[in-house]
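By written order: A, B, C, D, E, F, G and H. Residues from 1 in each chain.
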Amino acid sequence: MKPKVVREYKFPQTKEEMPFGPGSEAGVLIDVNSGWRTLMPIIDYGKCNKCLICWIFCPDGVISKENPQLEIDYDYCKGCGICAYECPKKAIAMVKEGEKVE
Amino acid sequence: MKPKVVREYKFPQTKEEMPFGPGSEAGVLIDVNSGWRTLMPIIDYGKCNKCLICWIFCPDGVISKENPQLEIDYDYCKGCGICAYECPKKAIAMVKEGEKVE
Amino acid sequence: MAVSIKNLPDQELFYGHKACQGCGGAIVARLALKVLGERTCIVLPASCISSVTTIYPQMSFLVNSLTSSFPATGAVLSGMAAACKAQGLKDVTVLGFAGDGGTIDIGLQALSGAVERGDDFIYICYDNEAYMNTGVQRSGLTPYGAWTTTTPTNNNAVGEKKFKKNLFEIMMAHRIPYCATASVAYPNDLLNKLAKAKEIQGPKVLHVQAPCPTGWGHGPEKTVEIGKLAVRTGLWYLAEYENGQVTINTNPKEFKPVKDYFSKQKRFRHLTEEDFRIIEEHRDTEWKILRNYLGKDE
Amino acid sequence: MAVSIKNLPDQELFYGHKACQGCGGAIVARLALKVLGERTCIVLPASCISSVTTIYPQMSFLVNSLTSSFPATGAVLSGMAAACKAQGLKDVTVLGFAGDGGTIDIGLQALSGAVERGDDFIYICYDNEAYMNTGVQRSGLTPYGAWTTTTPTNNNAVGEKKFKKNLFEIMMAHRIPYCATASVAYPNDLLNKLAKAKEIQGPKVLHVQAPCPTGWGHGPEKTVEIGKLAVRTGLWYLAEYENGQVTINTNPKEFKPVKDYFSKQKRFRHLTEEDFRIIEEHRDTEWKILRNYLGKDE
Amino acid sequence: MIEIRWHGRGGHGGFTAARLLGLAASVYGGNYSQAFPSFGPERRGAPVLGFTRIDIEQINDHSQVYNCDYVIVLDETLLDTVDVTKGIKEEGILLINSAKSSEQFNFPNNIKIRTFNATKTALEVLGVPITNTVMLGAVVAITGVVKLEAVKSAIDEFMAPELRDKNKKAVEVAYNSIKGVN
Amino acid sequence: MIEIRWHGRGGHGGFTAARLLGLAASVYGGNYSQAFPSFGPERRGAPVLGFTRIDIEQINDHSQVYNCDYVIVLDETLLDTVDVTKGIKEEGILLINSAKSSEQFNFPNNIKIRTFNATKTALEVLGVPITNTVMLGAVVAITGVVKLEAVKSAIDEFMAPELRDKNKKAVEVAYNSIKGVN
Amino acid sequence: MSELKMEKKHFLSGDEAVAYAVKLCKPDVIAAYPITPQTVIVEKISEFVAAKEMDCQYLHVESEHSAMAASMGASLMGSRTFTATSSQGLLYMCEMLHYVSGSRFPIVMVNANRTVAAPWNIYGDHRDSLSQRDSGWIQIYVENAQEALDATIQAYKIAENSCVSLPVMVNLDGFVLTHTYELVDIPNQEMVDEFLPSFTTTNKLDFNNPKSLCFSASPEWQTEFRYQQYEAMEAAKKIINKADEEFGKIFGRYYGGMIEEYRCADADYALVAMGSVAGTTRLVVDKLREEGKKVGLVKLRSYRPFPKEYFQKLGRRVKAVGVIDRDISFGYEGAVYSDVKGALFHPGAQVKTINFIAGLSGRDITKEYLTEMYQKLEAIDKGQNIAEVQFTGLRWT
Amino acid sequence: MSELKMEKKHFLSGDEAVAYAVKLCKPDVIAAYPITPQTVIVEKISEFVAAKEMDCQYLHVESEHSAMAASMGASLMGSRTFTATSSQGLLYMCEMLHYVSGSRFPIVMVNANRTVAAPWNIYGDHRDSLSQRDSGWIQIYVENAQEALDATIQAYKIAENSCVSLPVMVNLDGFVLTHTYELVDIPNQEMVDEFLPSFTTTNKLDFNNPKSLCFSASPEWQTEFRYQQYEAMEAAKKIINKADEEFGKIFGRYYGGMIEEYRCADADYALVAMGSVAGTTRLVVDKLREEGKKVGLVKLRSYRPFPKEYFQKLGRRVKAVGVIDRDISFGYEGAVYSDVKGALFHPGAQVKTINFIAGLSGRDITKEYLTEMYQKLEAIDKGQNIAEVQFTGLRWT
């Protein structure tokens, strides 16, 4: 399970709701990174042998290995392409954002 | 020749006589150190073979080697006793200040 | 049990950060937390990683963290380790995570002091070979020949004129209980070094090469490849120092030509054959020195 | 021509200072200027030697000098060396003269940076093994077991619990053109190292042990003797690093018992046989490491 | 005073366009101008802003730009996450790099929209989908704040020699194609 | 308020005497007191000063001591370089550690002089020429600012166990010998 | 006063008194770097630790920047800390001073006031701490060794108050206080424990709910964090007074909180002073009062927060106010003077003011100088023209 | 204006403008450490050096403390130097700031104003430089890129004047100036050479008569050295004005020296502002003047030395003065405000004052805010009760 964006994040409305000093809850995400992408990784599950090479190298940690098939959290994938480039089975294709063929 | 104290040192009497900022002439001595001594090194020229061991080790650099006999600048000798202690010929005696036998 | 990719947790403790696409430093941070776990407290001096992770209210570390002043990482770690000791907290890992500049330049003194004191912490220097957060200025770990904004290459200037400082040996000279070099491109090696560091008492320093597509000028997808090339060309070595003993983890008989590495990065595109020669010569000397340590305790 | 006691000038460039009787640091300063000569500019960070020499209007250096802030010696030297270069001044020696604390603790970073930059200066660390100017507090070069005011020995506390940091190896790790250890008690060795340093381009670091009667608790007349004992017991070594090569200047087959050294100093009077054992063991390891460098380039 | 806001992504040259326009308008256009980016710790790919102010008098205003005569969107995908219409003046124009026609967009307040397929032009002229100079050409055509020649001079001054001609071409193509359809 | 100045050499314990007197006068004497050194970068052997103030009321004065009731010179050789008579009050006493008699000294302004051969006593009692506690005994005898017992208690509190008896003896011998001749 | 108080007194220097105070406050972690005239504090503490009279981690750091950084590291883990410095050391940790206050860590530090190089000089003036008056630290100045001890204990109480949570710097004059021995009462441990409960804070890491401390704030939010800090400092005004009152109740010694007035009730001429010179000034006030002069002393204990409200009132009741600054902000006036002056005035105010730059770098402030100051206040009140900024004790002008 | 001036203009950011100024001043040694938003200055200079357009030694130092120390090292050898920093970097070199001014080295530094952590924030306010106002440096604040360039050239002229021989810090607002491109005139080299002769100083090492620099001074002498420094700073007031005049004569641009007044001659209400906000304020003044309000702007260029004499006069001719501080000294007010207020008043003065804490950490100071400020000045003049310290643009109070 990947950490998820707190979509309903409410900024402090009053002085009292402010965090105490510059310290706040860890792991709060109010924003996704999907907009950074121009290319998008698509896993071809037919080729993927779950060697986890992509999983280990992903700088954004967006690939999950807990289910039988690897899954990508596209909210946070930035489309760097390391997964595809390093995949020994060439099981990941980088596809232009929006032109995804499914 | 050892540097000598500027006995006539005149402290600034006016603003204009002050050094410019905290910088002044190098090597100005207005004060002797002889008062620090309780023991005083006396060279026995009969024993001294001018090996310069004392000269090299003196922390205050008060021994002169330029004349045929070593000479001590008693204005700045602090009486540490290194010269006497290190002298291989035991040519230097540490004598109580004021009890100097000449 | 040795750590391996297979037995690492899927859980991410570093997520949603704003590092560039393909950031090598981000890989290091992520893997470090996978091994070190939830009871890690991270100290982050000013650097890319601190800047892209902790902008109120978006906080990309899921463990306790502190963004720290740029020069002070080692000292903050000491204070934290001392507090753990005072409070009897034993299962906490105190981790410093700093860039190359924050380690070898402005943070060296604090690190040296902390290592000398023998406080119990892990310090990771993710080395992207320049001040990236401020826009690619040279650091003491910028390699010979590299372009940076403060070692520009216009009018045939060479770029950086000095070789990388040797953090590994500086730490050896401190007789540190454990230090190692590693690379994002060799994750198993890195993971095991992290796991080892976690078990050892006292200061531990890991110097991890972390390619930076933005600063080095390569495609974001090539971060790992570039890392591998650095090792294969002998320009980066994987080694450990433990109990006073040096181990070389990959000790190749021969190196790939350095050009293979340089040609893939914009920061090196002005290098000449003469530069390659200088660099290879330097590399060979450094390897000789390194290998000499092996014979040490025979 | 090699420098020797005989051909040194009689002229004193360091005179009338207020250092304690028998101060080892004063011997180092005096001899350094004898070799380096009148066109030396000295930078003195806060330390005993700066405090006892430059109190308006009494100025004990006869050459140009600057008292500098405690942490910055290396950087000030760099600036001066750069100015010399800019002005085409070639026959000037830029000399840093700092205590152990000003070198290995608060001044390490500036020194490391200056050495990395390769600027042309000589840096002498006169090592009296504690912060003496402020009244004998421990530094990173205080030896194991020593009493200082911040490592007190009341109620059977051991005194300092860490071994000396190794400046020599830290400098080697910087691939410095020249560095050496020396001792006030071995003046010929020291003089020759100074003369050599004067000839070499780039940064040069000399780490000179300088016994301090006040802080170590020995008679002022014994400064040189104590220095000799440190070397004879193997607790201090005389070595050089030049062109990447280590030379050991005195390489005894066996050492005198460390007790000979310790028994003469008040700071060690609480040491036990167990402490001696620990210290000897550490000494032997350090010598092994040092000797291993010898085989390096065969 | 004319105020222009540029929406782009980190590393995609949005601020370069803002700056080129300022340079053209001032040094080569005889006006005064300002160009400044919005800064943030985000890296390549993150949404960023750029601003250009142009006036016939010296610009003393150093406060931020709140109301814009023109808003330029270099990357259509930004529309999903960023409110690009903020502060557009009543007569203001929103120019979007898009293959769609302006009618296909639907913004509140009857904002005037123009579109231009800069990506296509960029690929054609520059061979890469870098749209900043193409959009600059479009802006010049639509706003008329500065002469095309001035922009070309700006490019000559600002860009590396090997990039100049291509980019002047890109500006020109965009300019002409807009002027043509106008 | 009584103000006392001590002249000694760095490392010779002059300030310890100043402090012991203050301790004795306050904690063990029921009065208020202050003791402070003069500081300088000079090292062992250099001339230094110490001061003791004693009063029945709390001492708020934190300015320096300018006028002294007593000036104590621990080391006769200081007379050559230091003006020890500075600020001695009209009824003040200058006490010098010396083998000479007071008549052998000649100071301007008819300053009252006392001498005591503390070095001799120190060598006899302590076996070393450390004169600070001996001179302290003499001061107590001459000034009467504090009881001998109080000084002994101060030594017990302040000194390392192995030094206590010897130094109490030193104080006592000096005290008695002065009282005897008085 | 309870019987517990009837303990034997001690003859201690200011530095030693501080060390005893620290011992009584039981910090978990101490990190410090030596510098004259602070060293005795850390040496004495080292002795306590070696003798196991204190149970704490003592870190021999390699610089002052690291001393403060290590203190911060310990504080953010929820440990009580102590550090001490002076002069160059205070300046060297400048970055960390701001860092710690902005992060709201309630660190207590003692600063042995000493001037700042160049020229080098190890003696006391207030240049070190005054130059850090914008760092966000509470600054307390003490008059004698007893107050040094008491103020150090109070400092923890103030810093750790949850409305404040700010670092506190206790300043004592180099040598004149640090190295002067005086009669000091060392409170007993139980009473201190009663006054100062053990350290609790929410401003620390938390393993149940992990936190990100010292984050970045964009322009949209940073002002609000600054305002928090502003409010905490304002709140500290009350807390400083309250801590002093509570302290007085338990220990029988009161210092007046932010301000102590001495014979000011009906004064025409008031001198404002900080630190040890306040003591000497009392004597001068007494003497001048005997001569019939209506003079008084305002001892400023808390320089930050600054008791603006107090001075606003003072400006309405006295004729002339002199401010002693043991420093000067080159290009303007003494810092304390500028601050006091601004507060004294209100439209239509008639009060006159002079700034006495005195006691620089260990130059003594004598009773004669102080008497002269009061004379000058009277003189300006009488209409005499006297330069606003006076260098006291200067050889020439 | 001579024909030489008719050069092509350039479109430069503030940082770039500074880099060009430095190039024109031909320093021998440059030592700097990168920090946002100063980096562009050193990057641009690096380019000049690599391209051999500048002939100087560029030192890549490992910290800001070392940047200033290396600059000092070069200066004491008689070389002209340059360095630049910002924020944390300025604080990290704090010890050296005092050192250099006390040693009287005429070093020129540009500070890209940025706030100070924590919280972290890279945007502009004046917390970094204001907090160093006691460091003995001359501090100049500029309004736009052209003034950044011109003031940097003037800075050398001021610093190196033999009556001054003090370091000068030129401050330009982070991002708002450092990263904003504007039309800038780059003077030509001959004219700069005419204005700024090559560096000569006696405050350096000397091989014919060796010197000891930065010595220690005992309490008997240190005050006199401080007084020298005080007098040099006072002398700088005249020299700053003179440098600006001479500059104007050669280059045709005048900035008013220490102070520039804008429509103040008959103003009732004056706002005091430093840096880029002065520009925006001009617009607001113009607008309000159109509405018939008698408002004006005092642009404070030289904060140290502080134009006390000017404000003493201003206090006699306006009804209310507002001071914009892009920082606050926690526990009191904005630093500029305290300083201005103290100078405005004299016994019997009627002027009213407010402090606007605004533009913290990159928060924009809009024309609306500025208009409100003038309204508030009018309101207090009319007797309305308004808190003295106003946080402008705060979300809540």
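In this section, a residue touches a chain if its C-beta (ideal position, glycine included) is under 8 Å from a C-beta of that chain, and two chains touch if they have at least 3 such contacts.
This is a predicted model, so every value here is computed, not measured.
Least step count on the touch graph, chain C to chain F: 2. Under the contact definition, chain D and chain G share the contacting chains B, C, F, H. Look at the CA centroids: the one farthest from the centroid of chain D belongs to E. As a whole-number value, the distance joining the C-alpha centres of chain F and chain G reads 34 Å.
One simple way to say how far apart two chains are is to compare their mean CA positions; for chain A and chain G this gives 52 Å.
Rounded to whole angstrom units, the spacing between the C-alpha centres of chain D and chain F is 40. Each chain gets one centre point, the mean of its Cα atoms, and the points for chain D and chain E are 63 Å apart.
Shared interface positions of chain F, i.e. residues touching 2 or more other chains, are given as 41, 44-46.
Each of the following residues of chain B touches two or more other chains: 15, 21-22, 24-27, 36, 78.
For chain C, the set of residues touching two or more other chains reads 18-21, 23, 51, 54-56, 59, 61-65, 67, 69, 71, 105-106, 108-109, 112-113, 116-117, 140. Under the contact rule stated at the top, the pairs of chains that touch are A-C, A-E, A-G, A-H, B-D, B-F, B-G, B-H, C-D, C-E, C-G, C-H, D-F, D-G, D-H, E-H, F-G, G-H. Those residues of chain C whose C-beta lies close enough to touch chain A in the complex are 5-6, 8, 10-12, 14-24, 26-27, 30-31, 56-65, 184, 187, 213, 219-225.
Against chain B, in their complex, chain F makes its touches with residues 9, 44-47, 77-78, 80-81.
The part of chain D that touches chain H in the complex is made up of residues 38-39, 41, 43, 51, 54-56, 59, 61-69, 71-72, 74-87, 89, 92, 109-110, 112-113, 116-117, 119.
In the complex of the two chains, the chain A residues touching chain C come out as 1-3, 5, 9, 11, 19, 22, 24-33, 36, 52, 55-61, 64-66, 76, 78-82, 84-86, 94. Listed in rising order, the residues of chain H touching chain A in the complex are 118-120, 396-397.
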